[in-house]
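All remarks here apply to the structure that follows.
A, B, C, D and E are the chain letters, set down in written order, and residue numbers restart from 1 in every chain.
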Amino acid sequence: MLEYVWLIPLFPLLGAVFNGLLGKKIKNEAVIGGIATLMIFCSFLVSCGILMQLIGLPAEERVFEKVVFPWIYSGNFKADMAFLVDPLSAIMLMVVTGVGSLIHLYSIGYMHGEEGFYRYFTYLNLFAMSMLLLVLGSNMLVMFIGWEGVGLCSYLLIGYYFHKKSAGDAAKKAFVMNRVGDFGFLIGMFTLYWWLGSNHNVWTINFMELKKASTLLPYGGVVTLATLCFFLGATGKSAQIPLYTWLPDAMEGPTPVSALIHAATMVTAGVYMIGRMSFVFVKAPQTMMVVAIVGAATAIFAATIGTAQNDIKRVLAYSTVSQLGFMFLAMGVGAFTAGIFHLMTHAFFKACLFLGSGSVIHAMHHALHHAHSHDDPQDMRNMGGLRKAMPITFATFLVSTIAIAGIPGFSGFFSKDEILWQAFSNPFHGNLNILLWGTGAIAACFTAFYMFRLVFMTFFGECRITAKAKDHLHESPLVITIPLMVLGFLAVFGGYIGMPKLLGMLPNYFENWLEPVFATANSYAQTYVHVEEHGHALEWGLMGLSVVIAVVGISIAYVLYIVSPAIPARFTAAFPALHRAVFNKWYIDELYDFLFVNPCKAAGNLLWKGFDVLVVDGIVDGVAKVVMGISGMVKNLQSGYVHNYAFSMALGAVVIVAFYIFR
Amino acid sequence: MNDTILSLMTFTPLIGVLILFFIPKDSHSILRGVAVAVALVTFFISLPLVTGFVTNAEYQFVQDVPWIQAGPFRMNYHVGIDGISLWLVILTTFIMPIAILSTWTAVEEKVKEYMICLLLLEVGMLGAFISLDLFLFYIFWEVMLIPMYFIIGIWGGKQKIYAAIKFFIYTMAGSVLMLVALIFLYFKAGGGDFNITRFYGLGLDPATQTWLFLAFAFAFAIKVPLFPVHTWLPLAHTEAPTAGSVILAAIMLKMGTYGYVRFAMPLFPDAVDRFTPLMATLAVIGIIYAALVAMVQEDVKKLVAYSSVAHLGFVMLGIFALNQQGVSGGMLQMLNHGVSTGALFLIVGFIYERRHTRLITDFGGLSKQMPVFATIFMIVTFSSIGLPGTNGFVGEFLVLIGAYESKLRWFAVIATSGVILSAVYMLWMFQRVMFGELDNPKNQKLVDLNAREIVIMLPLLALIFIMGLYPTPFIEKMSPAIDKMIQQSKQKQVAAVTLPQMPAMPMAPNGMDMTMPPTMNK
Amino acid sequence: MIPLYYYLLVSAILFAIGTIGVLTRRNAIVIFMCVELMLNAVNLTFVAFSRYLENIDGQVFVFFIMTVAAAEAAVGLALMIAFYKNRESIDVEDINLLKW
Amino acid sequence: METFAMPAINFAAIMPETILSIVAMALLLINVFVPSEQKAYLGYLSLAGIIATFFPIVSGWNAPVELQSGFNGAVLQDNFALFFKVIFLVSAALSILIADQYMQREGCNRGELYPLILLATAGMMLMASGTDLMTIFLGLEVLSVSLYVLAGFNRDNLKSNEAGLKYFLLGAFSTGFLLYGMALTYGATGTTKIARIAEYVSTKPIVTTNQMFLVGMLLMAVGFSFKIAAAPFHMWTPDVYEGAPTPMTAFMSVGPKAAGFAAFLRVFVIAFPAYRHEWSSLLWVLAVLTMTAGNITALYQQNIKRMLAYSSIAHAGYVLVGFTAGNAVGTAGVMFYMLSYAFMNIGAFAIIVMVGKKGEANNNVADYAGFGFKHPALGMAMSIFLFSLAGIPPAAGFIGKFYLFSGAIQAGYIWLAIIGVLNSAVSVYYYLRVMVYMYMKDPVEEFDWLKVTPALALCVLVAVAGVLIPGVVPGYILEFAQKAVFF
Amino acid sequence: METFFFAIVALVAIVSGMLVVKCRNPINSALSLVLTFFCLATFYVLLDAPFMAAIQVIVYAGAIMVLIVFVIMLLNIRTETGRRYMHALPVGLIIGLLTLVEIVYFFTRSGLTGARGDFNKELIERVGHTELIGRSMFTDFLLPFEITSLLLLVAIIGAVVLAKRKI
């Protein structure tokens, strides 16, 4: 089966090509959507096969590299089009193809009747293909294809409603921000390549070879530089501070896209990349610290913003940012497994949440449409009490929310708690740990708060739309709800494969599974940190604490939005500035416009009108003008009078002779 | 066959010109047909070059016949190609038919003269790429200007005359200095013939090399165009008819970079060593500068023009990195730029033909009206941005990594940030043209691309992906030649013969070993 | 016998006078006369040299110069007449149709 | 009384001059019987004479020295002279070809035209082959006097009168300097035979003791510079060229210049090797001044004849570059360039003759609007001439420039060469301007009056051939030029 | 004595030369030019060149000047108004004087270095100046002599073409 790994990206590609070329002819949505879903599902099956086969192998042999064809060979630089299968990529494969197939399926229902249906599925398949390349890439360059490819597809999908200006802007913003990240990625790659090559004559960008060669790398120094660059790439792709602003805007895209790209898969690429290169990151303690801090900061920062948003998807978007922050926190504290674990669980419940919101929006839209009302179907202030109207959506949504809030027994709990514990107990950052843990904890609290705020505003209380529209509210069709249910199920039980040893009911399959991948990294870690043992009591305590935190968050939400909905209003009235700041996302977009965008345009104008036109052309045309001017003057010497001519001749003669007198 | 194929290829268009002379000037379709046919024939003649090319550093398909023999001078008709010129030649023969096809409806009057100019242009360009004799090269180099001058000046836009003259004199000013340097070099080399291989590794003292390099570099820099002397390009591009811009961008600009790779650098290694920082600086400035300026352009064509300044900046950076990656990246980037920017100009031409405007503000939401066009446009845009999987990426990446591992590291870093900017201006333009509301009524009755236009674009699109996903054949054919070139450009010899400097003062013959003081009495 | 230099001096002076005349006079004929004066200065130089070098070539040259002067006089005056016919003047001030 | 030593008369040495003079005189007689509207036949006869003149020239090539020199060293018809004689003949022939139509149009087609041209040509030849200051001077006078007449030939046209008169006055003035120079040289060396001057100087320490010699050289330089229209002695050129009848302008822009260069070269290179450094630095300055003045001023011109006049000044500058170099390459360059210049310039003038209207009308650059498309063939010919003048390959003009500048560079005058090429870059502008009008402006005229007589067509054809063939395969002619170098 | 005579003649020559330039009326200029010519003729006699003196008088004073005067009469040219004359005078004077100064400067730095011939007083007296001239003209300088014929021919044609009323 491993031999056929190349099929995995191929299927979606075929789907994309098929739909791209023929989709316009085939009007039949069933065929288009069917083909697309089928293709991604095929890759899912292959991935399952591969996973099985890997499980079959002994732990140390679970690495397989497949060279498809040589891509760029130039001098000592070699980059094959090659795929790497190891436990890590296997996990990702499962997530991407699995969640992917569900969302494809969902989309068939959700996108029903959209014009450019085929375009949508082309892009979606294309995305799946790029994502799989990213995951499977056995060297940085192949990964980079995927890396940019997903960026491209997210550009296309965000700009799917291209006639909306906001969509176009969001798309461009997303791509450019990602480009900034890619800049980092490239520089990081160059640095590693060049340093290893010039110092140890190991010219490679292949992960496995790098892993072998990583013993040659020093601690800190150039590695810090390289890893920081890589991390910049990660922040771009995974919407971390400072490059997170594109993700909320990306909600301009169709909801399934948000679910697939901006929650489950693409945005986690950064985390995956760090995991993939853990052995390098671990060698740069400073970078680890930066990662951890940025992660924690993003987690709390985004969470705060999330509390004040009224657009259902935007709330989810910020929560995604925040959750990604958790993952980076995990990476930063060396808890790679936990990070990847959270990545997976998050993929489940966040996808479920997005799809749920999608289903809600779908319903709302439908209802408002019938009611000829122009209210925003995404604005939670228009919703409320939907639980009766759409029970399945409500149920799945609720469980996912509980999961993300971190209530024990749900997938989110295991992963997030693990991260918090590691943040507290990791050997890397010394006293910083408390801070990291604290931030994480508060962020978790906020998460619980705004997620339940969302649930309460959407599904509880009184329905705030016109009665006329209300009659048209009803549950979405099966093709939409089936994925919801599957994901809901996963959101609940997906976490059990990674249950902490502490609870000891099940072995931590997940950790054992990934252990070989991160072995090297951990071994490096051993060399400069000493892991001090923490008592179980402490761990228990913290676990309890995090539960309490979650509950607190939930109850606050309950108080504010069920018991006495008046308070928020009063609160905002009390602190208008604060609320406005939070509501306007701390004005970060404006800041960036002020700092980067406008200066660039200004510089462009200046250079163009100022330098190009004035200086360079000024000189060029100036010379021409001067010459013409001289010409105009010289020609006047040709006065037409004989004695002037004679004079010039005589003068010439005199001067010539004089020259030889005085020479 | 092997030794005549190059000449055959080069002068087939000339035969075409002769044929065109005898076709009545108002039977347009015949004229166009013949022109395209000739261009295609040329292309097919050029194909055996690829198949027959043996991958090594030698010049191949060489033809060397004495041409001028007078006094001390020996000029030969000495042509041949190696890995460096091979692909450029192919690019030329490949682009030409497309360019001619693109004018099918664009040019309605004076078709005959137009076609003649195009074919003459092809002769000039091919000749310049295959010449192995400096003098011959210079001849072709100059010959190229004439038809281009007419193409811009006669069939151009509003400012056509200004643009044409500016183009001509700018280039002329550069190349005449090159002529002086060329002659000087010749006498330094001690007469004989102008075969470039004689000039390689000629132990000139650094001072002389500096002067000569400057002269050559200036001429080529104008053609590239390198940062401060690029201002003729946007003008020429905007004013030229579509085919003109396509050829200008796709092929003629390459003359400059090719000149560096073939002449300026291998001939004067010491000078190269000395001027690398300067050239790299200019290249990098060009990248950033052009990107910034492109961002604020109102005219699509001008924007694309500036974008090609940026791309050529990458090329320059690559070739001055002077290592396998850098140079082959540069060479690839030349080809890529030829393909994608050529395609971009064609695209601009398409909408210009439909709307007779190129102002971005006049467009918007075209995707709705012309989906096929949108798709093609998008692919080309992304290839020009350098998205992995398209041709643009491979070249850019190799250039950057090459520069990074050479001593131009920091330049590489800055240049990489150009990658971001390129995304900004291209996507912004794309968005403003293709996305948004289709509000302008004129745009609402736009028709999508017709068969001919699609046929024009297809080969380019194909190349975009082929070169992006499987560049190996291109790289491996050129790499031996590039290795050789790097060897020549890196060697730093002390001046074998100590010769006096270039005279700072005008008069007083300096005792060049060539000077034969004439015996006055007879 | 008179030193050569005297002759040379005289001829030089005459030459200079001729030059001044050409530069200052307005009447084409007078200008031509001044040119004749210059030529005569040259003649004097030639003859003087040929005498003091005891070498006859110079005087032969003078002979030719005279011929030339005659020929030029003929043609020049003809030109002036032709010009005068059309312009009613031979003032060089008026010979200024062609300029710049 | 002693015996009378018969001079070493050798007609072979002056055969071309002889033939031309005889033909000229014959034409004078025939002229009487030819009605005024058929003067063209005289033209054809004179062409026949010119063609006949080619034979002694061809046969004289590489002739043994005793055949070359004659008249006690008054002439020396070596390859150098022969090459220049070819140039003169070409320019004369081409000018004669374009003369008739113009003269008809201007109503001054008088038969004396052709004898005058032939005699002028004879004068040039004497300048080129003269080795005695007297011969050179007299040849120059024959040339000048006939040119005065030719310039003022259209005697009913005020401009023509003016041109003739100006040329005459200034020419006479310059003759004064030339003669004074010769006189001083004679005084310093006691001979007028240039070869003997050099011998004598090489034996005696004249250079150091006798400054007179130097002044003599300088004043001769002034005299010759006037003939070749080198700045600052060039100012007569534009006026005369503009005023003179167009075919005569064509004629005198090439032949006399070439003759001037021939004499200039021979005298200075042979007679004044001792002062080589002095005169080469003098010529350096003159060259720069001439090129620059010519080109700069030409930029502004509206009248195409005047523009070409300035451009011809500039071209004299380029040729001076080769002269300054003073080496084999440079000198060969001078010869090759003058030859190709004959073709391209007279070709251009041929077109001007065609486009012009009666009374010197329609001679402005702007009058050429749309010409290129109204008359594609002529337009192309004109473009070829202009490109060649601008020195753009593949035209003879480029090869010529290449050779001239190569000479300069070989001699180490790098900066001179650089200034030269920059000048030619500047010159491109005004040549292109004509093409801009020809091709890029919409026609205002229909050019319906324009008629292409066989003679003109032949002239243009020959000119195009003479520009392109040497441009593409210059080898042979260059080889001749190399062989013609007399040192 | 001889020197004194020379000085007188020289003075006259120069003064009359100046008059040529000075006189407003062309006729006066012409006459003073004739005077100069006579002075030059005198010099030629002093220089043992009687033949030269003769043709100087005949050709110059006789032919050329007569022609000039005739033309002046023919065109009855009015005298110049002084404007341009005065205006150009300083410049002309400066240039002319500079020319003079320079030439003299160089004369003072040069000697009579030319190749000596056998054309001495004794020979002249024995053979006769005219014959000597004639001899060398028809032997050494035959070609130039022939060329003068061409020159004159050209002059004739020119004069006819330009000045003859109707052809």
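By our rule, contacts are C-beta pairs under 8 Å (C-beta built on N, C-alpha and C of every residue); 3 or more make two chains touch, one makes a residue touch a chain.
Model, not experiment: these values are computed from the prediction.
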Under the touch criterion given at the top, what is the topological distance in steps from chain A to chain C? 1
Just to be sure I understand the contacts, which chains border both chain D and chain C? A, E
Show which chains lie in contact with chain D and also with chain E. A, C
Going by average Cα coordinates, which chain is farthest removed from chain A? E
Among the chains in this structure, which pair is joined by the largest number of C-beta pairs in contact? C-E
Mind checking the centre-to-centre distance between chain B and chain C? Centres are C-alpha means, answer in whole Å. 63
Euclidean distance of C-alpha centroids - chain B vs chain E, Å: 69
Inter-chain centre distance, chain A versus chain E - centres from mean C-alpha coordinates, in Å: 103
Distance between the CA centroids of chain A and chain D (whole Å) is 79
Do you know which chain E residues sit against two or more other chains? 88, 91-92, 95-96, 99, 102-103, 106-107, 112, 114-117, 140-141, 144, 148, 151, 154-155, 158, 161-162
By residue number and range, which residues of chain A touch two or more other chains? 635, 638, 640, 642-643, 646-647, 650-651, 653, 657
Please list all residues of chain D that touch 2 or more other chains. 134, 138, 141, 145, 148-149, 152, 155, 164, 166, 169, 173, 186-187, 190-191, 214-215, 238-239, 300, 429
Any two chains that touch count here, so list every such pair. A-B, A-C, A-D, A-E, B-D, C-D, C-E, D-E
Note: in the complex, chain C contacts chain D through residues 15, 18-19, 22, 28, 31-32, 35, 38-39, 41-42, 45-46, 49-50, 53, 55, 57-58, 60-61, 64-65, 68, 71-72, 75-76, 78-80, 82-83, 85-87, 90, 92, 95, 97-100
With touch defined as at the start, can you tell me which chain B residues reach chain A in the complex? 166, 170, 228-231, 234, 289, 292-297, 323-325, 328-329, 365, 367-368, 371, 375, 382, 387-389, 393-394, 397-398, 400-401, 404-405, 409, 412-413, 416-417, 419-421, 423-424, 427-428, 431, 434-438, 469-472, 475-476, 479
For chain D, which residues count as touching chain E in their complex? 1, 4-7, 9, 14, 21, 25, 28, 70-72, 74-75, 110, 112, 115-116, 119-120, 122-123, 126, 132, 134-135, 138-139, 141-142, 145-146, 148-149, 152-153, 155, 164, 186-191, 196, 200, 204, 206, 209-215
In the complex, the residues of chain A that touch chain C are 635-636, 638-643, 646-647, 650
Report the residues of chain E in contact with chain A in the complex, numbered from low to high. 88, 91-92, 95-96, 98-99, 102-103, 105-106
